[in-house]
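Note that the chains are named A, B and C in the order they appear, and that numbering of residues resets to 1 at the start of each chain.
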Amino acid sequence: MSVQSQPQSQEPILDVRSVSKRFGGVEALKDVSMSLYPGEVVALAGDNGAGKSTLIKTISGVHGADGGEIRFAGEAVHFASPEAARAHGIETIYQDLALADNLSIGANIFLGREPMKRVLGFIPVLDRPAMAKAAKETMARLDFHVNRLDAPVGRFSGGQRQAVAIGRAIYWNARVLIMDEPTAALGVPEQRKVVSLIQNLKAQGRAIIFISHNLQDIFAVADRIVVLRRGTLAGERKISETNPDEIVKLMVGG
Amino acid sequence: MSAHTSTESRADPTQSRSRQLIVRIAALRAWLFLALLLIFFETWSRVSYGQTFLFSSYNAQSIAIFAVAPLLLALGSTFVIISGGIDLSVGFIMGLAAVIAAHATNLAGQSLPPFAAMLVGITAGLVVALGPGFVNGVLISKLKVPPFIGTLGMFGVARGVAFLLAGGTTVPVSNSWFAALGNGRVFGFPIIVIITVLFVLLMHYVLSQTRFGQHTYAIGANEQAAIRSGINVPRHIRRLYLLSALCAGLGGVLYAARFTAGAAQAGEPLLLDSIAAVVIGGASLFGGSGTILGTVAGALVIAVIQYGLVFINVEPFWQFVAVGVVIIISVLVDQTQRKLGGDRQ
Amino acid sequence: MKKVAKALAALAVGVSVLAGTVAAQAQDKKFTIALIPGLTTDGFYITMRRGAEAAAKAVGAELVFQGAPEFNPVLQVPVLDAIIARKPDAILIAPTDKVQLVEPLKKAHAAGIPVITVDTFIGTGNYQTGAGDADFPLSYIASDNVLGGRMAARALAKAIGEKGKVYVSNVKPGISTTDQREEGFKAEMKNFPGIEVLETQFNDNDSNKAASQMQSVFARNSDLAGVFGANLFSALGAANGVQQAGQTGKVRVVAFDAPPSIVDNLKTGLVDIAIAQHPAEIGFFGVMSAFAHLTGQSIPTAIGTGFTVMDKDNVAKPEIAQFIYTD
């Protein structure tokens, strides 16, 4: 029943098959399947609590699935930790941003993978200049210019922090980018920036999962849309073959 | 997200220079306190007694020796507190290590030459200290026991074991090398002070220049973020409590060397002073901030107050008041600084 | 002091007679006497227990030894409650607080269990006076700490040639025993016009602090001649301060109490003089007094036990060494 948006000869980079996840009594995901191809943007839509974040956390290794299978580039994978998913080239922007507020932009970008250098030839130390440089370049790509690269991100505004979280994900040149409501905290001009950034990344051949409540954004960037309702797959449409009304109907049911 | 919106934003760190200055000063507050205290005692001493306080190497050394034990406990606590935890067991881990080091040195001394016996004693003290640290780490990282409760339990266990091993008394050590380690001097500097300085430099390096230190800050600020960045947080927490126990163990070993005796209650009175040193040094008990150099200043502040008030012959109870006031001021400065948006490492 | 000594002698005679004559009677009714120390892990109380056991054996009574691992009323009271529930024939206790132990001990009194306090006391320590609500214990048996302080002062004065500055290194105010030692020390020092007693330094039982205080006092008083450590940690701390200041042998250190480690400290010269209490005697007289009371004898309301002054030269002698506390 999978609908493909592009004439795909290749196999999907990511293939989620019948995944289930429960939290105690709550069945957050029931038998959900979706796939993602290189160079494709798939939007994930659904009401609050539909299971969108749970689905992407299951993909990114935060939660283990209770049932089903996840295949990455043709192979079955079990990501025991977020690090395992990142090692496969899956970067995630979480809804809560997951930033360490006391650290600089650079330190956040490199958190868990800090570059080291040696002083006096043998003492390994954090390569802070390299982190600051990467931070500056990455932020410039997002049109976000900061003067004090050593300032902790906790001092930035919500939108700026969102940009840091996006910057952290794109820095690593991931094959799959997952963005959980990346535009939620942004003003209108910034939302446009993110939308154009997504279009850029797509042009570079990245595969992107994009979660949003904003149907306008979804219709602007996505190739396909997957709709969840109360933990189940409510439907899947090509953007070119649907309209907002139909999507809303899928979301609310009936 | 353009250059414009970012510089106009309310929370931009480059906003106000005066505000930034306040934040900078607040970050260095422990050293500022220390300077003020030294100026105070120096002035008093010169005016009242016509002698110097600070520039007497005797006073400086006395204060340094005094600060050694609480500082060693505080170094480990700095890491733990930055990660958002607390280690209440360090006082008794110190006592345990002191008792073990004393016993082991004596025991080894029966068959080994004194120098080797001392090395056995030191190693035994440090290794045994790691035991409670390991249990702390497992309780907190695996069994999800809150640090306050877990280390409080370990406080009781370590104390009980130390008292049992000590047989309810102090354990005298007779080993000339060990005594020289505790009370000897090299180039005029007390050996225990030299060891502590080297250890401080090592801890400063670990906290400020390594991934381990960086991850400690990240865990304290946002444990979820650390997990999702791929940091093995449970393992990191276990290592933190091991490190804290190691510092306490070193404190215990040096105590035994200095007093040529191990005492189970050696570290008991130091727990609060060591945590106070960390807080005065700029760490937040909520985690995420603090530095080793701040902690050093914090420990020196406490030592200078206590030594200095005896020096100028003030009623002893004022010592408690003075330390209490410094802690309160310190926390107030911290709060103000946070309000001004001055979160920092 | 004389009064107490007389009472003691009378009691000792009385008890020894009793122990002989009532041996048969004691077999019918084996008394259970509980001893609750200030803390269980301290050599002082362990030695006290030894003396108590010796007495119990002599009179055919059973001794129950139960206490908390720490000198703290919050921990001692539950132990006391548990002991009361077992209804022993008498309770010997080292109360951990003058005030906080009054109500808990009243329960024992109300249950008809005679109470004798050892080492420390409740209320004023004056019992059976009919005044106040803490006079119900039958007797207070302890080292005469004021006397101990005086003996320390005399020994120190002699060691420093009766001139120079000295001070007391003490734990904290409010502990009856250490307060009395300081009081006795200062009172006795008034007899030595050449000696000036400086302000007391309180160290919270932290030898690290006691050492630093000694160094600081010396920084201001280069003519410092001696320190009196009112308990073991105060003395060991002060002694280390003397050592760090390079004044070993010049600034004399008197330690109160004599755990096994004191022998070493005296030999190495770290400590010059130790004042040993006689805790075994306290335990012995405690049990004997309880037994005397239970067999219908009247007992003195206060018994003071003695001290032994130890130094490098006499500590090896068996008649002195017997007063070192056991492990």
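Keep in mind that, in the parts below, a contact is a pair of C-beta atoms (placed from the backbone, for glycine too) under 8 Å apart; a residue touches a chain by one contact, two chains touch by 3 or more.
Quick caveat, the model's predicted, so the values are computed rather than measured.
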> With chains as vertices joined when they touch, what's the shape: line, ring, star, complete or other?
Replying inline: line
> Which chain wins if you rank chains by how close their C-alpha centre is to the centre of all protein C-alpha atoms?
Replying inline: B
>> Can you compute the centre-to-centre distance for subunit A and subunit C, using the mean CA position of each chain? Integer Å is fine.
In response: 72
>> Need the CA-centroid distance for the pair subunit A / subunit B, whole Å please.
In response: 41
>> Between subunit B and subunit C, what distance separates the C-alpha centroids? Give it in angstrom.
In response: 35
>> List the residues on subunit B that touch subunit C in their complex, please.
In response: 49, 56, 58-59, 61-63, 65-66, 69-70, 159-160, 163-164, 166-172, 174, 183, 190, 255, 258-261, 263-266, 268-270, 303, 306-308, 310-311, 313, 316-317
> Along subunit B, where are the residues that touch subunit A in the complex?
Replying inline: 1-3, 5-7, 9-14, 205, 209-211, 214-215, 217-218, 220-222, 224-232, 288-289, 341-345
> Mind pulling up the subunit C residues that touch subunit B in the complex?
Replying inline: 40-43, 45-46, 69, 199-202, 204-209, 211-213, 215-217, 219-220, 232-233, 236-237, 240, 243-245, 259-261, 264-265, 268, 270, 325, 327
> Of all residues in subunit A, which touch subunit B in the complex?
Replying inline: 60, 62, 81-83, 86-87, 92, 94, 96-103, 107, 111-114, 116, 123-126, 142-148, 151-152, 154-157, 159-160, 163, 186-187, 189-190, 193
